[in-house]
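Next up: the structures, one after another.
Both of the next two complexes hold subunit A, though its partner changes from subunit B to subunit C.
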Partner chain A sequence: MQALLSFDKAPPFAAPARFFLTAPLFLLAAALVLLASGPELLESRWSPALVAVTHLVTVGFMLMVMCGALIQILPVVAGANLAEPLGTARWLHAGLTGGALALAAALASGEQRFLAGAAGLLGAVVAGFLWAAGRPLFAVASTSPTIRGLKIALAGLAVATAAGCLIAVAVALGWPLPHALPDLVDLHAGWALGAWGGVLLAAMAYVVVPMFQLTPGYPARPGWLFPPLVLGLAVLWAVGAGFQMPFWVRVAQGATALAGIAFAALTLRLQSRRRRARADATLRCWQVALVATLLALLMLLASAVHPALGEHPRWAVLGGVLLIVGGYVSFITGMLYKIVPFLAWLHLQNCGAGVSSASRILADRPMLAQTRVHALAVFLLAAACLWPEWLARPAGFVLASASAWMFANLAGAMRRYRELAAAGGGR
Partner chain B sequence: MSHSKARHVVDARFLPPPEPFVQTMEMLDTLPDGERMLLLLYREPHPLYKVLDQNGYSRATELQPDGTFEILIWR
Partner chain C sequence: MTTIRAFMTDDHRHCDDLFADAEQAAGKGQLDVARAEFGHFRQAVLAHFAAEESTLFPAFEARTGMAMGPTRVMRMEHEQIRALLADAVDALAAADSEEFLGIAETLLIMMQQHNMKEENILYPMCDEHLADVAGEVLARLEVDTAEP
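Right, the complex of A and B next:
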């Protein structure tokens, strides 16, 4: 039976690795735009440059890692195997890279025909991914909260992408929009960051937090409940917006915030009971992410209760910075710091070039150091939303440094993997 | 360690990967004919399921309220 430790059915390491190496470069690009633009970038969420930078991070970094990781992880956490993982990775990576760059360029430049083309390209790429990943995933039974969450997250991605494409094409071609543009953009962001990002994060957290941080498991009942609850609230939000019922939109926003706060608080509690005494980079990344997410969700809750708060131009920018850079980027960085060395270690075992532990592929010290710089970047970015004249460029510089360092750490792990694989005669 | 479902138990809930897989394989190698073993884990081990299926083992999984997956394995 020992021979069956072989991981021969797993997608090759090259499948997800390209996504993990490309993503920090998009974060670096976003930071460099902030460094070059300075304070005016953070003045309003509606400035074309900030909308472009937001999509460099949400599509170029977040979606890039999420899709790449799912190609690798679906067989492990759901028993769902993509038909052609390496082939899918090739076109998906090329499409997401090209689509994210084109969308950001179109949004920043205001070239409307270009915007329609970029949105169409990205929409087609995401549709292809949904087909490739959704077919095997929906063929397996929902035997765990994680599988149910993954299915709901894919539905969230489909709606978020469709809404984004519709908004972009309508704006580009001058089609009349059924509702006010800000309401539709909020809805797009709500589905993208809640029903897709939030549910996917929770579904993965059910597995990776106990597995990598050696905490107790997430209790079953809230684990089953969270994904359909967030989906239901996103539907309520859409119905409220569609029928011009702002009260129900606020109810949906407030309840979504409360659900997210409960999830974050539960995760912090589980982490406080972890068996791994040493605080590694992943734990620190998740602590930064959970605190930033809690603050962002408290802001969402406050503006749902007192809508006047959300009308301040800097309120939404600060909330977005906390949720996207402080929350999602930190969560994802923490996961990358476990997944990349672990996958490299696993594939080295498979090709007969085994190493004693994953820490020989990527040591904790550079990851922890990068995490500290990233945490400083989050703090400076949040402060820059309040004092942009003083802090926008320093925040951009520190975020650029953190992004470049993340790339260097991950590229170093890949290089070490290739050296060890070559020494062991592996693939 | 024993459990009401089986005398042979691997409690892998606080073990880092790949220890749960390794310890389960080791126990299956020494499991007497006709006996069952129980694996406790905070996730469903799909790669292990595949190995068990390929080697003629049967299994039944139950999710407990505290988030523990109880995986009963026998041949």
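Right, the complex of A and C next:
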């Protein structure tokens, strides 16, 4: 127990930083594919290129940052120390980078042997991460909704990854699938974006929203309930799909949407009662994310009630854009803008090369400016789902600009950190 | 009876309230108000640190024999927070509200991640190890953190 408050056990900056710098490049790659492909990319969620681009964002950006941040944050929020944070960060970062690139290339090219290999690689990397992070985490008692949420999220990641690998290997090797491919893909996406991403997001929000914005805390009972509820609904979804009971699949989808809507609406309400002097980039990112998430979940609810809506090929593409780029990418960007300058400042302090504040390493102004461009990209992307001929390429261009700018902001902070560390202080 | 964790966590929230008042005043450009409010906040934080360093940590260290463990790290973080408090006071004295708001942002994150470790890890350990003397420790903490 005593080791968990020790600086000696705190991960070095290099452990999480590599994930945070790589992630925007994957988003940039996705945007460049959209810019190059144009309107046909957004025509159907089943086009190989769109499936590939989706995984550039979900694995290359989202999973990349989530894993890197967990290495950093598990000791602080849960008292769970990874045995070898830097060693874990090295193989995990290499594995996720290689796996995400290979998976996207395999999905886009249709090379089936390659697809099985890429999925196998990513599956092994995620399994390694689950072992490295899960072992210390599950050894800690669930004394807060956040710790319980983190455990449930890891279970969600395990199932989402297993489902993704099963689909990829079955498609690649021509194995007969037990159910229709679209149902299995929906299930994979539901576990990945709900039981893993949604629960992880909520577990972290319970801590960071009150902490960074000085809002009232999340109410305790719903806070404890949300993670197991979302997990239970994901199980119901799986059982419904497994036993060919579409009604129960729709109930699970609708209830998941309602739970997410309640969470997002509550978070917006809490943020409206914040006591910070200024609206910073993190707050703006989260506001974009919460509104986009609300819209995406309203679409999920609507298609659960009226399944005919979901049959339109653009429906799922729009919902995915809103949830993944509008929601998760914005949430994560907001977190990066809080974590990266502070960690750089803290590590400089600990090596005796301090500056007066983290804003000397990365100021709020460029972060806010990038956030505005990102918000425009989300708006254009959503509109491009409706008018792809007109807007697909402009949306790709603006998203590429926003991603490159995010990378420039974060890389600038790292460069400043290295300069200050080398100079021995910047006061 | 209240626990050490509950009592000290409440004092953290009290400090948060004072921080918010000071930062909001600075954000509105009311520097005189900000100086007064920040002085109030600083006093409360320093009293909280003093209570920990003179009452709670020594009791914990004596009972567990962990002088180089979690309390050492908390003391080091107190020093970092004290340095930020001093920088913030300097920025307010120089009427540099941009510099003050930058320091306040870093101070808030530093303080919150520090509080999180205390509230989730150290205070529960204190409650566990000091259960038989909790009443006495709490009475001293109340005196240490009381407003003058």
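The working rule: the second predicted complex is superposed on the first by the 416 of 427 C-alpha atoms of A that agree within 3 Å, B and C clash if a C-alpha of one lies under 4 Å from a C-alpha of the other, contacts with A are read in each partner's own complex, and residues count from 1 in each chain.
To be clear about the criterion, contacts are C-beta pairs under 8 Å (C-beta built on N, C-alpha and C of every residue); 3 or more make two chains touch, one makes a residue touch a chain.
It should be emphasised that the depicted structure is a prediction, and the values quoted were computed from it without experimental measurement.
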After the subunit A overlay, clash or fit between subunit B and subunit C? clash
Looking at the overlay, does A:244 come into contact with subunit B only (first), subunit C only (second), both, or neither? neither
Of the partners subunit B and subunit C, which touch A:79 in the superposed model: first, second, both, neither? both
Touch test for A:342: subunit B only (first), subunit C only (second), both, or neither? both
After superposition on the shared chain, which partner residues are touched by A:206: those of subunit B (first), subunit C (second), both, or neither? first
Applying the touch criterion given at the start, work out whether A:218 contacts subunit B, subunit C, both or neither, answering first, second, both or neither. first
Scan A:109 for contacts with subunit B and subunit C and give back first, second, both or neither. neither
Just to be sure I read the superposition right, which of the two partners does A:360 touch: subunit B = first, subunit C = second, or both, or neither? second
Who does A:44 touch here: subunit B (first), subunit C (second), both, or neither? neither
Considering only touches as defined above, state whether A:278 meets subunit B (first), subunit C (second), both or neither. second
Touching both subunit C and subunit B, counted on subunit A across the two superposed complexes: 1-2, 4-5, 7, 76-79, 143-144, 207, 211-212, 214, 275, 342, 346
In the complex, go through subunit A and note every residue touching subunit B. 1-2, 4-5, 7, 9-10, 75-79, 143-144, 146, 206-207, 210-212, 214, 216-221, 223, 275, 342, 346
In the complex, the residues of subunit C that touch subunit A are 16, 19-20, 23-24, 26-28, 66, 69-70, 73-74, 76, 80, 83-84, 87, 91, 99, 101-110, 112-113, 116-117, 120-122, 124-125
Counting only contacts in the complex, subunit B reaches subunit A at residues 13-18, 21-22, 25, 28-29, 42-44, 46-47, 49-51, 54-55, 61, 63-69
Seen from subunit A, its contact residues with subunit C in the complex are 1-2, 4-7, 76-79, 143-144, 207, 211-212, 214, 275-278, 280, 338, 342, 345-346, 349, 354, 356-360, 363-364
